[in-house]
Amino acid sequence: MLNTILDAFALLAHLDSGVLAIVLLSLKVSLSAVLLGALLGLPLGAWVAVADFRGKAVFTVLLSGMMGMPTVVLGVIVYLLLSRSGPLGELGLLFTPSAMILAQTLLVAPLIAALTKQVVEDVWRDYATELRAFRYTPWQSMLTLLYDCRYSLIVAVLAGLGRAISEVGAVMIIGGNINGFTRVMSTAIALETAKGDLPLSIALGLVLISMVLGLNALAYGLRQWAMYKFG
Amino acid sequence: MGNVQIRLSMFPINLNQLRFTPNGRAVLTGVDLELGGEGISVILGPNGSGKSVLIRMLAGLEMPDAGSIHWQGSNAPEGQIAIVFQHPMLLRSTVTANVALGLRPLGLSRCETVKRVNEVLGRVGLTHRAKDSARFLSGGERQRLALARAWAVRPRLLLLDEPTAALDPTATEAVEQIVREIRTDGAKIVMSTHNLGQALRISDDIIFIEAGRVREHTPSARFFSRPHSNEARLFMQGELPWRISFGD
Amino acid sequence: MANFFRRLILIVCSMLLMAGAQAEDSFVLASTTSTEQSGLFSYLLPLFTAKTGIQVKVVALGTGQALDTGRRGDADVLLVHDRVAEDKFIADGWGVERRNVMYNDFVVVGPKADPAKIKSAKDAVEVFKKLSTALFVSRGDKSGTHAAELRFWKEAAIDPKLNTSYKEAGSGMGPTLNMAAAMGAYTLTDRGTWLAFKNRQDLEILYAGDRRLFNAYGVMLVNPAKYPHIKKELGMRFIDWLTAAEGQAAIAGYKINGEQLFFPDAH
């Protein structure tokens, strides 16, 4: 056990360009997915918090339920959509990074939306009367609340990033784990584990964990700064 | 600052037999009132008499269970009414951004927005704090910010719901001074308070409400010298003029 | 704020385009976990790319899944090892140009102590008879190896479902070996994956060598008549290269610890 971990650190000391490419692709895919997921999830979550519509309770439950959607299930659904014999087969997207971004976006958007709803709903309770008095439309209220909660919502976006960058199920099925093309950290770890090369998979795991930790530290710092600056 | 055409069309406002009984609890039990387009009307009354609900109904934030509010000319004078609460909501942002908040639905140009924000900030004496976070303001500064936010909208009707109930005498005086200036600018002001001294200092006419009903609506001078109703007399005996009331 | 959003959308679009950009000269090869995990492709494909400039994108799956992928038109070329299923695939019109490529052999690995005493067996049939009550981890994933394993049970007239110590891993060769190593169980593996596998713990090869255990790989093109987007020309260049002298020599040249993993078989 200890030897395995020591070997992992030794491997990290001289990471080759192949591993670096894997790390960069992971970042590219997951950051793109989180960006798109946030563009969808933030307004959606804020909208659900602010608007009154029929079936709001059902929609809320569905949204929260989607947070727990197994990545493999989503992977299979997107696979069936993108497969050449599926409805979107013409696009030829299967086994490409674009398809992985699409799958992870669908994975991350409901998570971000559900968390956003939680955050925005609390603030909305305090703001609703005054915004209504100023004749804010739901759309305007939504934008104002999103902006007001911007530092708390970083947590929601980061949760999305954590889910995206560490998930294996969807990217494995949609990307195919093609060496040098769609292999990302999580699928590389799965492959190295399958080959029984535990030091290498732990080394990659360490890179993954440190990146997620680093991003969280950054977000924490940003929130502290914002609290200090805006109260 | 006011818009002459709207001024002509909006007033007088007629309230007819307004009733508000949430969950069977009688808050307003039949309010009849006519509000003209000039001056400062103070809604006076003990706690729980229905002052706040009446203000919120005028702002369109509560719907009456019976009765009607009739606006001369139109039913919904959009963008002509502003309201300031006892505890104003403040965004986690700068003072400037908080003032601009009220202007957003008006769809003004960026240039016009900046101009109006700077103008009202100057008039409430907060120019030096424009770039600070609103959440770090003192209670008095917060209330001045809220007044500036309402003022920037250039309302024809400004509603104030106990705006000084949580403030010390100095801050209260500053708020009263700003309210007088907004009146001078041409806005009709309706303000609720349970502070007799404040009512005496600032009002042109008094609407005395008690137990969900308007007991008296008379010019200020007459109300304080010769109140009609027995309830008003009792209220004034219980709370001497000039005595500062401490929150609620 | 509006400006910020506009910039954000621009960034997103450019990111998607970037991600969508791909080399023109490439095709998808669906193959088996055993060929990928044995390291053969990392050795073989750069040789092909250096010669032709064609990128081969390998998606490693079980043989059954790889054939399914071809059937859906999601891969251009298949390299798999289940002759019965391959012939059916061709007969049903999903694939064309099937050729033999190479073979390796299956080996039975298990704990050093060999509680089922299979070391002394005279052939594969006897090995599987002896394993009828032993702790055994099966791939259970419809792969070529799984199909071969089921064939051996049948030849030995054993129904493995009756064995309470028979576990189905439902995963690739590597995870199955990890599981067998952790449990001290027997399992059937191809020699290539075994040689490249590092986490062996107490496992070793206990039986090998019967001709029944030979494992033949075939290559084929997914039928372009079914799916017009199939990269027929690029795929055929790969199939030709792999089965001609140069590819065959390269296969023979791949070794781990001096041991040859695959034996060219194209003639």
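By letter and in written order, the chains are A, B and C; residue numbering begins at 1 in each of them.
We take it that a residue touches a chain if its C-beta (ideal position, glycine included) is under 8 Å from a C-beta of that chain, and two chains touch if they have at least 3 such contacts.
Because the structure is predicted, anything quoted here is derived from the model rather than measured.
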item: Chain nearest the overall Cα centroid; value: A
item: Dominant interface by contact count, named by its two chains; value: A-C
item: Most distant chain from chain B, judged by the mean position of its C-alpha atoms; value: C
item: Interchain centroid distance [CA atoms averaged], chain B/chain C, Å; value: 78
item: Distance between the centres, which are taken as Cα means, of chain C and chain A, whole angstrom; value: 32
item: Whole-Å gap between the CA centroids of chain A and chain B; value: 47
item: Contacts with 2+ other chains: residues of chain A; value: 147
item: Touch list for chain C against partner chain A, complex; value: 1, 8-9, 11-12, 15-16, 18-20, 22, 28, 33, 36-37, 41-42, 55, 57-60, 72-74, 171-175, 177-178, 181, 196-200, 227, 229
item: Of chain B, residues touching chain A in the complex; value: 59-61, 78-79, 81-83, 85, 88-89, 91-93, 101-102, 104-105, 133, 135-136, 153
item: Footprint of chain B on chain A - complex, ascending; value: 126-127, 129-137, 140, 144, 147-148, 151, 226, 229-231
item: Residue ranges of chain A in contact with chain C within the complex; value: 28-29, 31-32, 35-36, 39, 83-86, 89, 92-98, 101, 143, 147, 176-179, 181-182, 191, 193-198
